[in-house]
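These notes open a run of structures that come right after.
The following pair of complexes shares a single chain, subunit A, combined with subunit B in the former and subunit C in the latter.
For the complex of A and B:
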């Protein structure tokens, strides 16, 4: 165990524990708040792996924007405060879902663990200025395509909400 | 120096937990949270590959940035659709079929 291993173990444990609570808690708003902790822990994992810029973007975009949107959606759909069972499925359904989730994890582990090897490997921390140079050099066209994607998502969200607003109260 | 088994195990666990969240929840926003966890696991895999591979164009890091951006766009659209469905049907319970009336109180 190297010191990086121990640090990663801590951040990974926080991430997984918070993710488990996010999908199992009976309180809707708590689920979104556990998602904050899980994604924040994931940013810590990115830091340990040497990807500082991605960790910062993760905090900014996910913790700052996506989770706020999720909480807004919960408020707009009048999520009940306090524990409620009506958003949860039956016990059998949940057991089947747990089996399937564990199966997916086991399948991925079976593929990935032989790749990992037994020896510790040196990580290569990414220089942010080199990353920026590549982002606006090699990857500039995908980058521009993503800005177009964001614009179309914005317009799509507007038109979806306008469409639904115009038809409220009409016969379905 | 770091053992790669740990990041791989965390990524696999995140994707499994996300699958459980997608399958076991009935509220559409909670299903979206499961999808976010799956995307987080995929991002961790990309970052791990980039941290040790040392590829020439920093593909691991930059593709993770792209995944985060696309996920943000996806969340915006998905939440717009969810709010629109809620306005129309007063419920975002995805186990209620579309044949159900606008006010499902008598059916749940």
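For the complex of A and C:
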């Protein structure tokens, strides 16, 4: 085992453990905080594999913006300290969610494990300009489609909040 | 890179984090005092109170470390470190002299932005875990503010990266020319404003407005943990001042920069820090809706305009 292997395993283990804790903890805000660790761990995995820019953007977008937004929304609504019983689901739901999660993981593993091979983790540095070339050349259509999807979601959210505001009582 | 060099680099960036904020803090004490017709600290350390902040530090260490009974204890204890460490990481990537930065990364600009964006989490965790209504309100305000000002800042920074054609801070300084002072002026204005807002300093100190919500997210903190929050605020001033100097004022560029490059960087950074102190003394606090309006209706359009101007300049 090379040191790169060990680093990759360690960051991977942190990512998986934090992800499991994020979905199993009974405390809402803790769940969001474990998500931070999990996404940060994923950035660490990218970094070990040499994709520096992807790792940094992962931290900038997911940790710095998305999770902060999630925590902000939690604090705006209700986020008591300590376990919150009213957000807990029934045993049956939990068992079903576990089966579904395990099923999806098994499916993904069945596809990905044969591709992984047995050789050591290799560090292949990715050049920023090569990445930009791929993103805005080869993959430009999916990229634009995602931006359209996000835009329509944004407009949808606006219209929903406007309509709801109109029913409850005039414009603020 | 040998182990010795690694340790030396880490130690020097830690020393920067521990010394420069104190320097800025002492300057703030004195400059603010003189602007307000006072003397400021005069006794600690005998000569014009130079050791005032050292004495403050000693005082903070001696204070009892209290955790409120209703608080989420682990998150409460973790928050100050999380507020502090990102600035340490970001400071390490700032180039000080031709070829000298504690950490040299090809995408160091993105690295600095990513590191500073984590700092919000510390404030949010502090506000939520304190189990105090003032802390929670402060954390909400600070999250709303930081999210609103993150976007114009990133856009202004992107404009500089576009102009230089590189994501490396060292490369940006290499590509800088005095003509940028005019070309990137709107971006510089947006960046400076957004930096003051990110630091939550007056006039953008709604999240910690002491006359309304005690001390916002940091209300329940005492002793060393409180000092860590203060230190991270001043480390933030150092970071954003140096970053402004590197991005918009050409960092180490200047006469005799082969020898005096580091002095140019620090000198320009110190000038920006003085401006930040000056802003604090001269502006009243902005209300929450004024803050949001400034960010979304003024700074973001200006930053987008700057991006367009830069793109035209690059293509021509």
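Here is the rule we go by: the second predicted complex is superposed on the first by the 133 of 172 C-alpha atoms of A that agree within 3 Å, B and C clash if a C-alpha of one lies under 4 Å from a C-alpha of the other, contacts with A are read in each partner's own complex, and residues count from 1 in each chain.
We take it that a contact is a pair of C-beta atoms (placed from the backbone, for glycine too) under 8 Å apart; a residue touches a chain by one contact, two chains touch by 3 or more.
Note that the coordinates shown come from a computational prediction; the quantities given were computed from them, not determined experimentally.
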Legend entry - Partner chain(s) touched by A:75 [first = subunit B, second = subunit C, both, neither]: second
Legend entry - subunit B versus subunit C as contact partner of A:57, first or second or both or neither: both
Inset, instruction - Based on the superposed arrangement, let me know which partner A:42 touches: subunit B (first), subunit C (second), both, or neither? - result: first
Inset, instruction - Return first, second, both or neither, reflecting whether A:131 touches subunit B, subunit C, both chains, or no partner chain. - result: first
Inset, instruction - Please name the chain, subunit B or subunit C, that touches the greater number of residues in subunit A. - result: B
Inset, instruction - For A:140, select first, second, both or neither according to whether it touches subunit B, subunit C, the two together, or no partner. - result: neither
Inset, instruction - Figure out whether A:15 sits in contact with subunit B (first) or subunit C (second), or with both, or with neither. - result: first
Inset, instruction - Based on the superposed arrangement, let me know which partner A:5 touches: subunit B (first), subunit C (second), both, or neither? - result: first
Legend entry - Which superposed partner A:98 touches (first subunit B, second subunit C, both, neither): first
Inset, instruction - Could you say whether A:65 touches subunit B, subunit C, both of them, or neither, answering first, second, both or neither? - result: both
Inset, instruction - List the residues of subunit A that touch subunit B in one complex and subunit C in the other. - result: 53, 57, 65, 69, 72, 76, 79
Legend entry - Touching residues (chain side subunit A, partner subunit B) in the complex: 1-2, 4-5, 8-9, 12, 15-16, 19-20, 22-23, 28, 31-32, 35, 38-39, 42, 45-46, 48-51, 53-54, 57-58, 61-62, 65-66, 69-70, 72-74, 76-79, 86-89, 93-94, 96-98, 100-106, 108-109, 112-113, 115-124, 126, 130-131, 134-135, 138-139, 142-143, 146, 149-150, 153-154, 156-157, 160-161, 163-165, 167-168, 172
Inset, instruction - Note which residues of subunit C are touching subunit A in the complex, please. - result: 70-72, 75, 105-107, 110-111, 113-115, 117-118, 120-121, 124-125, 127-129, 131, 136, 139-140, 143-144, 146-147, 150, 167
Inset, instruction - Note which residues of subunit A are touching subunit C in the complex, please. - result: 27, 29-30, 33, 36, 52-53, 56-57, 59-60, 63-65, 67-69, 71-72, 75-76, 79, 81-82, 128
Legend entry - For the subunit B and subunit A complex, residues of the former touching the latter: 1-21, 23-27, 29-30, 32-34, 36-37, 40, 43-45, 47-48, 50-52, 54, 57-58, 60-62, 64-66, 68-77, 79-88, 92-93, 95, 102, 108
